[in-house]
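Working notes for the structure below.
As written, the chain order gives the labels A, B, C and D, with residue 1 at the start of each chain.
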Amino acid sequence: MSGEVVGVWIGAILTLGIFSFLYKDNPFYKFSEALFVGVSAGYWFVVTFWQYFLPKLIDNLVLAYTLLTVEGKIDYHWVYVLGGGLGVLMLLRLLPSVGWLSRWSLAFIVGTTAGLQFTRYLESNGIIQVKGTILPLIVGGNLNTTIGNIVIVVGTFCGLIYFFFSKEHKGAFGGAARVGVWFLMITFGALFGYTVMSRMSLLIGRMDFLFSNWLGLIG
Amino acid sequence: MNQENRQEEKSFWEKLLAIDRRIIFLFIVVAVALPLFFKVSMRIPVTPVAQGTYEAIESLQPGSKVLASFDYDPGSMPELQPMAEAFFRHCFRNDLKVIIMGLWPQGPLQANIALEEVFQDKDVKAKNLQYGIDYVNLGFTAGNEVVIDRMGHSFEESYPKDGYGTPIGEIPLMRGVRNYDNVDLIFSLSAGYPGTQEWVQYGVDVFHVKLAAGNTAVQAPGMYPYVQTGQLSGVLGGMKGGAEYETLLGIPGRAVRYMFSQAVAHAVICLFIIIGNLAFFASKKRKRS
Amino acid sequence: MRREVPLVLTAVVGLTMIISHFIPPLNILKDLFEDWFFIIAAFAIYLGVLNLLRVNADKIYKKQADAPFGLVVIFGFLVITIPGLFFSGGRSFSDPGTPFYYLYIHVYYPLSATMFALLAFFVASASYRAFRARSVEATMLLVAAFILMLGRVPIGDWITAWLPQGYRLGEWADWIMDFPQTAGQKAIMIGIALGVVSSALRVILGLERAYMGGE
Amino acid sequence: MVKKDMNKARHIFFESKSTVLFLIFLFVLLFLFTSSSIIAEETSEVEGEAPVAVEAPPASPTNVSAKDIPNDKGGAVTISWEKSADDGAGANNVTGYEILRSTTRDQGFEHIGGTAPGATMFSDSDTRNKVRYFYTIRALSPFGISESLPSNPAFSKVQWFNFGRLTLFLLAVIIGFAIFYFISKAKAGKELYIRKIAGLEAVDDAVGRATEMGRKIFFIPGIMDMDSMQTIAGVTILGRVAKLAAEYEAKLEVPVSRSLVMVTCRETVKEAYLNAGRPDAYNDNMVYYLTDDQFGYAAALGGLFIRERPAVVFLQGQFYAESLILAETANLVGAIQIAGTAMPSQLPFFVAACDYTLIGEELFAASAYLSKDPKLLGSLKGQDVGKFIFLLVILVGVVFLTLNSVLGLNLPNLATIF
């Protein structure tokens, strides 16, 4: 038996192990699930080691060290010691007495995320989408575009009104907010349909694996 | 279970509502698996957004360079792999050069899996494609959207070497490719973060590149506003999107074959919602009276 | 020290990231912070892994009922890390042909794909037992979902074949996606953008500090 | 309640005339500045024509021009040219272009890069600032090469402000200013009005019902860690729910999936019980950790729901695929469900299966609404100012374009200015 064939069998057995949960919770499922938890943790461990830890931290420090020993100059790359230091602080959470130090690293992460997202979201999800909503409501000779533009402008406008918090939803304002909710609901309906589509596709993929790759029933 | 005094026999609807969910599961197994055994040729309706992606690639001149970002993992293979294969077939048929990269560690691997499949084709084999001249796989670089941003200045900064350790300066295809100005289209295949949305925000909005995409069905609806504003040329949504692409290309593949299962599964879900609601309202009415 | 340093750090880093978006020469600081971000994120993943191992080692040590599964978790972890770190050719560890790649394709992939495929079954049972047209809004949602689910597969066109071309279910689905759905998505996107902006500002200014554990 | 004096409150936004004037002023500025900094660029499309085989070098590229790339930190120059007459037309035999650079006009040109046929642009991102460079372009073909005349001299320089992002900058300043303004206003004791949020009105009743039935309340703060804004919002809502539970003497349980979330939730719930005057009723076991694993967590919660048959289930935070498993199980045991998340792909399942759902931004508003913290309420108002500006731009822009289209006027297109 070649490695490939063994591999397909391992895959098939694990697939059935997870699916057995649908009948009821059982040791076979628990085994597969525990294996999944372990393997995915290990997978990420290996990937982060080779692709983040080594190139971003170790390589930079090695460079700094080499420059120091070979050319005797103190290089800018030494600042990566600070980054590594913040990383190590993160691990201190495991020790209750100094666990609070990990807040420093968390603060750094939160700060960078907040700063990056601030400008990005305002531009791409805010300004550009607003620009894209500025459409003429009447397009001569093209009924479809006319209706489409009206729907987009009205929907976006009313949807935003729904999210207004400092004004009560009543009167014309409330009416607009209600129209906004309808648009949101249609959007959710579409998302619902697409999510179902996505999940079914995954199941089809697994079924096809079992019937064609493993059992060879489908040509 | 909840033992109330209402021991009187349950109505048909109540019994139906209390059905063991394993029976429901069984329906789904049958609905998905059985159609796999039939070869039914269905007419696949093509959506305008899928057409947009197809056109974006079709309109490129032979020799143009396409940067393909593979941002997904095996979890989304059934949805995105058919698109990946169709994409490579399309590019090779039209003599486009493909530069593969990944923002997800597993992405470039998925590209290799798709390439292996595509190279089995007779037409593709006949072209005798060469690594480094017709296509190149730069591999993965950590950094999410930051990579997109930095590539705007220089590809080499983010990808000094390709996935096999060759400096990109030594790869013929990469000669003269400094940044986005030197590629004609970016194709983003993505299953989440980082993915098409980041390509729009950090690539299109900042460097004004042309972008087409293929997404999982969960993600696709969120891309429509970007298509409407023109930030994105088009989007293929899920396995269905893959089937549309295969149809447009005239090379029906796996996604088209799966569509029968998909269709039956959708119909079954719709029936479940209808029956569930009928049963719910019927038994509620009865309780009230 | 416990409270002040993190607050100052968040503020300084956050403001630098924002300002450098407008002042090109400051990009160098932005790049540096981004690198640090990934270093810390890697450590955060290690923290999670260590936590997981500790919890499971605990289970085994205390001989809890599910101790054997604790052993499986640790086994699974080692089975992929040892080849991945030592026997898969260093940095090209994920190339086809390495042991790591083999485990990825034949163990990790089937497990993760099947986990998500389980959701197909849960969608089915939830659609039968939980998704109710309980209000006008929920009804609109379900109707839109119906049109999409049927319209996106050939069944939709087949049911509505009696309608003229251009008015069949598939085209309804296209129309919904292109217009009302796009409009709704835009409203949500713009709303979220403002939500993110204001939350980010609160965090940077130190007004929102729940992430540090309590007020 | 929050809205004691509705009329007064409604006016807060428009009340201070100077604020409004200031906003309008900034707004006008924004238009003026941006309209001057827009550069429209067009790339030409190429049509393939039947080739005419001529065995001679191609026509040379023309009109080579070079200029500094605007709004960057320097170190880059962009070069553009008109393609060879034999590229895509004529003999149609150009196989690519080569870009050469020199610091003098006549000699010393060195290869710095190449492009595919059809290209008309290249960026040289390896320049020294304030050094003058000349560029020439070579058209390559199987039958020889031909070189263009040198370009104008160009040098790269550092820009201290990215004018391409001026709109963004001004908007950020305005919204930031508005948030500041309302926070200080709220701190000064001004009561800010926030509209009713249906799901939150139901919280009191739900907690009361749990007490009546003698069943538990479960609060699930999502599956993400404390660095997610949604988890933070969820925890704030938990504080309010815990206080009510303490007052009504209902039984509250908070199973979580992250250790840091556990620590935070414990502190929050403890404080709420203290504030309600029932510190004795609190114990640490009310908040406990299940597992980090997504589906493991969902399965464990499913088991808990079935065994305990809670009266109320709160799902408030960041959820992913597990959302529908949770909603279905809670629905099955007949619990009242109050859900809230800003994850668009999970919202449909909550809307279809739960009694009340907070949608997107409402989740963030809820934490402010319930906490009545002036800082949070103030920032919500600031957000509304942003929304107001966006709505105004859309409205004015749409009216302009529509008038243009109907009456043939020539009003400015805000989409290109904004």
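Assume a residue touches a chain if its C-beta (ideal position, glycine included) is under 8 Å from a C-beta of that chain, and two chains touch if they have at least 3 such contacts.
Note that this is a predicted model, so its numbers are computed, not measured.
Contact tally for A-D versus A-C: the pair with more C-beta pairs in contact is A-C.
Of all chains, the one whose mean C-alpha position sits at the greatest distance from that of chain B is D.
Centroid to centroid, with C-alpha atoms defining each point, chain A and chain D lie 14 Å apart. For the pair chain A and chain C, the distance between C-alpha centroids works out to 3 Å. Here the CA centre of chain B is 16 Å from the CA centre of chain C.
Taking the mean of the C-alpha atoms as each chain's centre, chain B and chain D sit 23 Å apart. Chain contacts: chain B has residues 25, 28, 32, 75, 77-78, 105, 140, 142, 218, 221-222, 225, 228, 240, 262, 265-266, 269 touching two or more partner chains. Counting only residues that touch two or more partner chains, chain A has 22, 33, 37, 47, 52, 56, 93, 106, 109-110, 116, 118-119, 122-126, 129-133, 152-153, 156, 160, 163, 184-185, 187-192, 194-197, 200, 202-203, 205-206.
Chain D has residues 165, 168, 172, 175, 226-227, 260, 295, 344-345, 348-349, 351-352, 360-361, 380, 383, 386-387, 390 in contact with two or more other chains. Of all residues in chain D, only 3, 6, 10, 12-13, 165, 167-168, 171-172, 175, 192-196, 226-227, 260, 293, 295-296, 299, 344-345, 347-349, 351-352, 359-362, 365, 380-381, 383-384, 386-387, 390-391, 393-395, 397-398, 401-402, 404-406, 413-415, 418 touch chain A in the complex they form. Per the touch definition, chain B reaches chain D in the complex via residues 59, 61, 63-65, 97, 153-154, 175-176, 178-179, 181-182, 184, 208, 218-219, 222. Looking at the complex, you find that chain C touches chain A at residues 2, 5-7, 9-18, 21, 32-54, 66, 69-70, 72-81, 84-85, 90-91, 93-94, 100, 102-121, 123, 127, 137-138, 140-149, 152, 176-194, 196-197, 199-201, 203-204, 211-213. Interface residues of chain C, counted against chain B in their complex, comprise 31, 34, 38, 91-92, 94-96, 101, 104-105, 108-109, 112-113, 116, 120-121, 123-125, 127-133, 142, 145-146, 149-150, 152-155, 157, 170, 174, 177-178, 181-182, 185-186, 189.
The touching residues of chain B, when paired with chain A in their complex, are 22, 25, 28-29, 32-33, 36-37, 75-79, 105, 140-142, 145, 200-202, 205, 216-218, 220-221, 225, 228-231, 237-240, 254, 258, 261-262, 265-266, 269.
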